[in-house]
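Read from first to last, the chains carry the letters A, B and C; within each, the first residue is number 1.
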Amino acid sequence: MDIEFSEINKSFGQVHANADISLKIPGGEIFGILGENGAGKSTLMKVLSGYINPDSGEISLGGEVSHISSPADAIGYGIGMLHQDPLDFPPMQVIENFVLGQKGRMILTYKERIKEFQTFQNKFGFSLDPRAYVESLTVGERQQLEILRLLWLGVRVLILDEPTTGISAQQKDKLFRALQLLAGEGKTIIFVSHKLEDVESLCDEVVVLRKGRKVGKVSPPYKTDQLIEMMFGKQITLLTPEPAVKERVTLELKDLVVEKYPLRIEDVNLQLKAGEVVGLSGMEGSGQDILLRACVGLLRPVAGQVIINGKDLSHKTYLEFMQNKVSYLPASRMEEGLVPGISIAEHFTLTGNTDRKLFIDKEQFRQKTQEKIDEYHVIGRPETPVESLSGGNQQRVALSLLKESLNILLLEHPTRGLDIESAIYMWEKLKERCKKETSIIFISADLEEILRYSDRVLVFFSGYVSKPLDSRHTSLEQLGQLIGGKGWEDELVAKESYEPSK
Amino acid sequence: MNPANKRTLSIVFQLGGLVLAILFVTLILLLTGANPLDVFKNLIVGAFGSTNRVASILVVWVPLTLVTCGLLVTFTTGLWNIGIEGQITIGAIFSTGIIRIFMDTSVSPILVIILSVIAGIAGGAIWAVLVGLLKTYGGVNEIFGGLGLNFIATALNIGLIFGAWSREGVASMSGTQPFPEVYWLPNFRSYNFSWVSIAISVIGIVIIFLLLTGTHFGLRLKAVGKGMKSAHRLGIPPKKHMLLAFLICGCFAGLTGALQVVGVYHRLIPSISSGYGFLGLMVAMLISYKAIWIAPIAFFFAALNIGGIQLPIVLQLDSTLSGVLQGSLVLFILLMQGVKQRVLGKS
Amino acid sequence: MKRKYILFFLSLLVIFSMVLTACQTEEPVVEETEEVVVEETEEVAEPEEFIFGILMVGPYNDKGWSQAHYEAGLYVEENVPGAKMIYLDSVNTADRPGTTAAQLADELVQQGAQLVIFNSDDMKDDAVEFTKNNPEIFVIHASGDSVWEEGMNYQPLANMVNTMGEMEYGKMIAGCDAALHTESGSIGYLGPLINDETRRLAASVYLGASYCWENYLGNDPADLSVRVTWIGFWFNIPGFTEDPTQVANEFIDSGVDVIISGIDTTEALVEARKASSEGTPVLAIPYDFNGACEEAPEVCLGVPYFNWGPAYVRHISSAIDGTWETTFEWLPPNWEDINDLDTTAVGFVMGSAMDEEAKVTLQQFIDELAGGLNLWTGPLNYQDGSTFLADGETATDIQIWYLPQLLEGMEGRSE
């Protein structure tokens, strides 16, 4: 189905999110929409999928003017959108989510449903447990589920908003293959991303947006420099950071055993030095998040110790870890990072009341917030509610909220959803902290990010943890193999305790 | 859209809700064969027709205001304090208990009244914290916990009125023996309300307004209400703040119960909470938890309550019609808020 | 968003339930409006209008206490030229939370009432307060004792009248009626709340029942059981009182085959019919209102009732023509004909479930009472065994009105 946008406009307060955007998307193509955070990609797609009504402009589907004013209308036209934050129902099972919203065929039993589901997901090489509860899935797995559900609903146009964030390289390959298969069947795929690599390898055509406007349309072969310039308006060079590791140990894990169904990680030993950066690498859901949460009191260790600056905090709560200057930045920003419905300034007020005053000095916090907003280049104002910021800006706010002097900083996907410029900026900020002797442990699905910024790397593979690898002596290929479960023999033989206990 | 336009539009939608509510009630009236104009006229005359009636409105305004003040705290924290009725009742019981203990002693009546009000506050707070503990440590949703404790409070109240605290030789639903007049709050002139209660209510509104809009604590409550997990990650202990929210709401509820005892009924009666807790929930919803609106909206609801008394006398209609009007107001104004969000887009 | 939905549904629920309750009581009342209109047009010619207001503790159509007052109000409108009734029913803290009877009486005055009738003993505090605050308004407190000079609660209130029928006779007749029909010898008394009035009425039932049991049937007094269970108010208020339906069923389950109602509503009758139709013959005697048997005539043994009309006509006429005098009256039946509605204060309608023989016996008992039989004659003991009346001693009005306990031989709480 051909889709044509003509002169779409949408403003949020002062921000012109879409300005006179006109473009044509031919059916049966994988069409890329590229742009940095806040460029207006998500807004445009939400207009198409009925979540947002434009201020002006219209959309034609298959040559006819359409009237999409709600997601239900969009589904009626065969348009389905996969959101950056999945819109599923966490307390329900995978299969129940899958069945949700389907019409008719009420009499089918769950057994048959599960069979259908399995056949269907096999087509894409996904392996979700139909009986697992959605809340136990990783963000990546939840996105997979949503893709399956939309396809099963029979959408003819599939919009994917940053779909490759949060899924492993392997899963990405599978996804891309599936998308190509779907395009071959005549479906229109709209692929929204800020990742050059993904867009380059997948899309038949790419449109670049910047600050709410269409910059231009590009066809293969793509030139990376050109795309970057279109996105940011200037060339960016990557810098290689210098290590800032001191000898002092800030975090020590001793024979740590942590468990969260269905994973169990055993006998992790690690000494984190001041200023050191350790990257946790592995396929989504291989146990990195479990270990990270155990390091900050959000998950109680089954055995072993977590020692912060010589203090045993193994069974202490998150708040006590915080008092010991351990901070944590989770992946799902709006669920457990920022408080929706509260402004940026109010966030700084919440975290900044160090002298335990009763009344809020609003002007003081407004100024402080404005300073931080300027420092971290957040597009927004102190009174902007955080949920109306773009994903990247939310991440900047979350980062800027962290206390100045920290012992340890734990990050889940610190640059997920961020454009290259923001990601580089983020790491500059993080490295500045390392120079002030803050140690960092971070999870990332981006192997290059892991290798570029970590001093040492831990690789996870379904509950197994590698010895710390020196990132300077580890290649991308090595890392990729370990993540994929290859090259572990030495490790497994060397450490008996890695035998699964189940 | 500029902010001024937005505000105008917002008001238009609120008024739209009001108009729809009135139309809805009109429709119901027409269906039952009554004359809507007569009804609305009688509601207004019944509420404001004489100084006595305005005084009666104030009698209702005091408990409604205090209860709403408390409920704003729990609502801000994302909690449904359905148990508010029980908290009022327990407050009233504690307050009555203190007066009964000191009634025949030489302790100064003023001191007894003060003690009695403090006991009422404590009683409401205990009952509310129980709901909070059930929620935070027992995993019992506050709605169910609150409902359960409401039943217990009512049963306890009836038990006392009918049993241990019954009048000599009497066991009646009309309540306990009225206290001697020295234990009454001083009435304003010959009217049925006390200036003390009015003053306390005004102070209550100011406290809640400052608490919710100007203090760090209030902001933390808001954060817990809007996103419990996120608030926790930012370093705010949610359980502690939920318990504190219940505690504060319970204090207000208990205070309400105590003032109903020492200021209005001068005895314990079976329906001492008079449904003001539930009415307060409606007021809180209607004002979208904004403290600045407590006083006028509570007054409006109180006026409807008083105006409604006319309906059975003059038009042989049931007084609960005022309740229908109050309920439809809340419903339609919430509805219009939803419509507004759709029209303006999520912002 | 989720919160929005919860809000929405909760308020929907609230409105829905309110609409329901509003509609329930509205329907019959709407018809009422029409009647009133008719009467008004009839009385346009009358020179001077005198509005009197009634505050009824229960619904005006409760087939009991409140309806008896309502009918009396209609009787006054018929018999006193210019008199017009306005009323508020369900005046109690459970049905009208947040209001007091005094406040509601003010409302009646604002609607033009020159005389207000408080119809419940429970409104005593409010009636006195209102009477004091409104010396220009005439007040009739039915069943009250505030202006009884010899009484225990005397207050000089020139604008108040207390009036009450001597229902003790009605209850004695009811007790006798029950004794004549019980097979098991077990009589249940469905009591309202406990106070002086309800105790003396329950005791009257017992006196009437045991007199007939021994003297007409020649039975052993030990074989007669009169059991009292109090529900807590004049009628059922769910959640606040015991459920009279349940109490009636407990009576039936424990072998009671005649239930005498002391409450304002007809649950005893309804449950008796239900049990009878299910094969357990149970009979009942309702209370207060002469039409109460209509609810279930096949199990109704009769009803002792109040007839407030003549007293109200008297007092309202005196208020109109300026001969009002404060007084306390406790009016016996018109012994000439206890069912003459123009004269008697208390009456007894024999029910269709009575057998013919019993009717004769009961009439004999009524005649004996008319002839001066005083059952409040010693030896009588209180429930705790202490002496109430020595042998041959008769009780004074004060002793009867303020009966502090049930009598020896009765089962149930005294306070």
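By definition in this document, contacts are C-beta pairs under 8 Å (C-beta built on N, C-alpha and C of every residue); 3 or more make two chains touch, one makes a residue touch a chain.
The structure displayed is predicted, hence computed values, not measured ones.
In terms of Cα centroid distance from the overall Cα mean, chain B ranks first. With respect to chain A, maximal separation of chain centres occurs for C (centres as means of Cα atoms). Centre-to-centre, using mean CA coordinates, chain B is 36 Å away from chain C.
Inter-chain spacing, taken between the CA centroids of chain A and chain C, is 75 Å. In this assembly, the C-alpha centroid of chain A lies 45 Å from the C-alpha centroid of chain B. Residues of chain C that touch chain B in their complex: 3-4, 6-8, 10-12, 14-15, 18-19, 21-27, 29-30, 32-33, 36, 53, 86-89, 92-94, 96-100, 103-104, 106-108, 110-111, 122-123, 125, 133, 193-196, 199, 230, 232-233, 237, 239-241, 404, 413, 415. Of all residues in chain B, only 28, 32-34, 46, 49-50, 52-53, 56, 59-60, 63, 78, 80, 154, 158, 162, 166, 168-175, 178, 190, 192, 265, 269-271, 273-276, 278, 281-282, 285, 305, 309-310, 312-321, 323-324, 327-328, 330-331, 334-335, 337-338 touch chain C in the complex they form. For chain B in complex with chain A, the residues that touch the partner chain are 1, 210, 214-217, 219-220, 222-223, 226-227, 229-237, 345-347. Those residues of chain A whose C-beta lies close enough to touch chain B in the complex are 10-13, 51-53, 318-319, 322, 328, 330, 334-342, 346-347, 349-351, 353, 356-360, 388, 401.
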